[in-house]
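The data blocks that follow each hold one structure.
In the two complexes below, chain A is the common chain; its partner is chain B in one and chain C in the other.
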Partner chain A sequence: MATQVFKVPDSIIKDMTYGFCPGCDHGVAIRLVAECLDELGLKENAITATSIGCSVCLYDYLDVDSVEAPHGRALAEATGIKRARPDKFVFTYQGDGDFASIGLGESTHAALRGENITAICINNTTYGMTGGQLGPTTLLGQVTTTSPTGRNVEYYGYPIRIAEHIALCEGTAYSARVSLDSVANIRKAKQAIKKAFEYQLKGLGFSFVEILSTCPTNWHMTPQKAHDRVRDDMMKVFVPGVYKDVLQKV
Partner chain B sequence: MSHIEIDEQRCKACYLCIDECPKKLIKVGEKVNKLGAKPVEFCDPKGECLGCAMCATRCPDMAITKVFRG
Partner chain C sequence: MTLTATKPEGKVLIKGNYAIANAAVIAGCECYFGYPITPQSEIGEFMSGKMQELKRAYVSSESELASINMVIGACSTGAKAMTSSSSCAVSLMQEALSYATAEELPVVLVSVMRGGPGLGNIYPSQGDYNQATIGGGNGDYKLIVLAPGNVQECIDLTYKAFYLAHKYKNPTMVLADGLLGQMMEPVTFGDYPYPEVDDSAWALTGAKGRGRRVIRSYAPSADDQCVFLNKLYAKYALIEEKEVMYDEYMTEDADLIVASFGSMSRNVKSAVKIAREKGLKVGAFRPITISPFPNKRLKELSCSAKKFLVTEINMGQMVRDVRLAVNGKVPVEFYGKGVGSMIDVEDLVDKIESLIEV
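The block that comes next holds the complex of A and B.
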């Protein structure tokens, strides 16, 4: 008898199709979140504050209660939800522009306050939804619609290393960076998301996972080449790893 | 016998699964689905599938909906 080793998670809305472009790793990241919700039995008790960006329609994908937040404000909204209903499992799913550009204040202060919530941030080095502008994580040299000759320090400054930044906040319990460039790393990414969720369940404080993802459309690359770029360019600057873990003293 | 199931209406033809399968059991099909994409097909005449779920883990769109091993 063959045993089933993969299924569409129960926390994914039945028979939906993502609105993402072909080969976009937002789809993998949301599936991993759903698998963790399933495995920890959180589907019925979870509330997500949805962000603005390509994942704006998260409520059409994940079968959990959700509230849409204005651009960048997901963690302010999540804070309110969690403080009003500490019995609920509360998380955000945000793009890097949402989390670390317009929302950097909200994100940083949620971590500094040690809010007992979880944030997942998709780093694809650009503003995907609006057509590929320079964002806070755009790599030096990277050509975008608003850095047509490539990002240079003189004009645009340096990209932010989000997982390291959040790790420096005293209220952070867990901060990690993972990548979706390979199947092995997808499996590691899931473990990190699960750990971040578990830290909230243990009441340890702010937990955070930055996920290196792709934007084949705005990078003008095939999905295959986009994964090469994550490996060859992004992972050298945004090195995967655990930057803070209060239980491991990292 | 190890095998996979594909929901061809969900497939966006990114073809990431084709590269991922260690046994090269996934191929581009002839049909066009409602998304206007040419979905992939599972071709395993010799029963070589490992049930490793590499394809489903890589698929961004959950078009590979089930994997069975054994």
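The block that comes next holds the complex of A and C.
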């Protein structure tokens, strides 16, 4: 008897053209989000505020109600949605530039207010859609189109550690950083996303998952090399782990 | 604050800012998001207590950027939601207003003008006529803008703003000024006089029993964007046809028509009365909707009047719309004052006399 070993999640749109670059982790991340929505039965009750950058493409893949926010304002819109309709499941899916640069005020204050919403942030250390410029999480020494000799402190200052920053906010119920560089870590990433979603369902406050991701196109790397970079360079600065968990007293 | 009941019986003496806030509550505003700025802070102060008392949504936001985007989020679910602000802070909302028009969301924004440009000062001003009617957001879009001339109209037009915003799915602004916001007048609230608009065809509620809905402005195809813009501008044409409001006083036989909006129109009316007593054939015209602007009526009036005078507490903003409406048929003069109190009635009478004698 045949056993089904692969299934496209119900929360994924079926008749779409896949548009992300080869080796980009957005596809994996969105699939994990979709699987968690499916498993928790949230697809029909979810509303998402999308962001600007490659992450805006979420609404091309995810089969849920969504409203598009200006750059950096997704968590303000999500706050408005949740305050207006507290019974809805509300989440954002943002890049590091959207979440931690132009939107850092909105992100921080949503966490401080303990808004009962979930934010997923893709950290790929660059502005991908605009062609690979320096962003808030660009590593020291990293070459981008706007740091042609590498990020130096004199001109650019330091990258932000997002999961640690959000963990410092008292309204945060859960803050974790995960990576998609290996099958084992992809499994851990899914567990973190699911936990973040469950914390919203339990009404515990702001829940957050930072996902370390690749940008092979702008890093000028093969998909495999890009994942090696996540493991060898990014994970040393942006260390995966759970930085806040109100139920585990972390 | 003197109001204890949400719907006070009969006449009450109340400040414009409180009148706007309480009218929003009576209109069924479910969510208020705001950041303090003088001269409208009483609106947020009132809402902070009243919305919590009524178990409705209230957020003291971290910035005006956040306030207006919280309104967008709430409106995307079909909720009645608003923010209020002033001048330099309304500047911060221009991006979101462009998005909200492209996303066809019923955003309600109250702007209580202060002096500008820049930080300016907190004196009454009408310097944000252009900000309200033209705006600083990107792309082709228009707001519906209602300009009250007294505290009673602050109430009536707040009611109307919620109705029009939802009826046309377009951001709608009530444009008051520091004088109206801080002035007390006797008013009546009554009930919210408009029907509730059904938003079930578009509001985000979760895709249960239907396909998912996406409220977005991003239009990757130029052709699709042209189709959308044509639809948007057909809506604006309909709003202009159906919703233009204005107030006229003794214009029928007037040689000179004095046009003004908002609180400035109060002194204009007094000046016209005095000028009439002196035998001068003068009338007053006041747009209540400044967007859409009463172009058609002004064009008609330019067939009977010999001259227009536009008077504003700014350096000349609405005067351009009057000139466009009149289209060179008769001269349109301007008499303004950058910021501060309204132009004195005596000075207006002198100006009227000088223009009629010429």
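Keep this in mind: the second predicted complex is superposed on the first by the 248 of 250 C-alpha atoms of A that agree within 3 Å, B and C clash if a C-alpha of one lies under 4 Å from a C-alpha of the other, contacts with A are read in each partner's own complex, and residues count from 1 in each chain.
What we mean here is this: a residue touches a chain if its C-beta (ideal position, glycine included) is under 8 Å from a C-beta of that chain, and two chains touch if they have at least 3 such contacts.
Bear in mind that the values here come from a model prediction, so they are computed numbers and not experimental data.
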Notebook entry, point to check: Where does A:1 make contact in the superposed view: on chain B (first), on chain C (second), on both, or on neither?
Noted result: first
Margin query: After the superposition on A, what does A:106 contact: first (chain B), second (chain C), both or neither?
Written below: second
Check: What's your read, chain B or chain C touching more residues of chain A?
Finding: C
Notebook entry, point to check: So, does A:12 touch the first partner chain B, the second partner chain C, both, or neither?
Noted result: first
Next item on the list: Pick one for A:85: touches chain B only (first), chain C only (second), both, or neither.
Entry: second
Checklist line | First, second, both or neither for A:44, with chain B first and chain C second | finding: second
Margin query: Please report the chain A residues shared by its interface with chain B and its interface with chain C.
Written below: none
Note to self: Going by the contact rule set out above, which residues of chain B touch chain A in the complex?
What the structure shows: 1-3, 9-10, 12-16, 19-20, 35, 37, 51, 53-54, 56-62, 64-70
Item checked: chain A residues within the chain B interface of the complex -> 1-8, 12, 17-18, 20-28, 31, 183, 186-187, 223-224, 227
Checklist line | Residue numbers on chain C that touch chain A, as the complex places them | finding: 30-31, 33, 57, 59, 61-63, 65-67, 69-77, 79, 81, 95-96, 99, 103, 204-209, 212-218
Next item on the list: In the complex, go through chain A and note every residue touching chain C.
Entry: 43-47, 49-50, 56, 59, 63-70, 72-73, 76-85, 88-89, 105-106, 108-109, 113
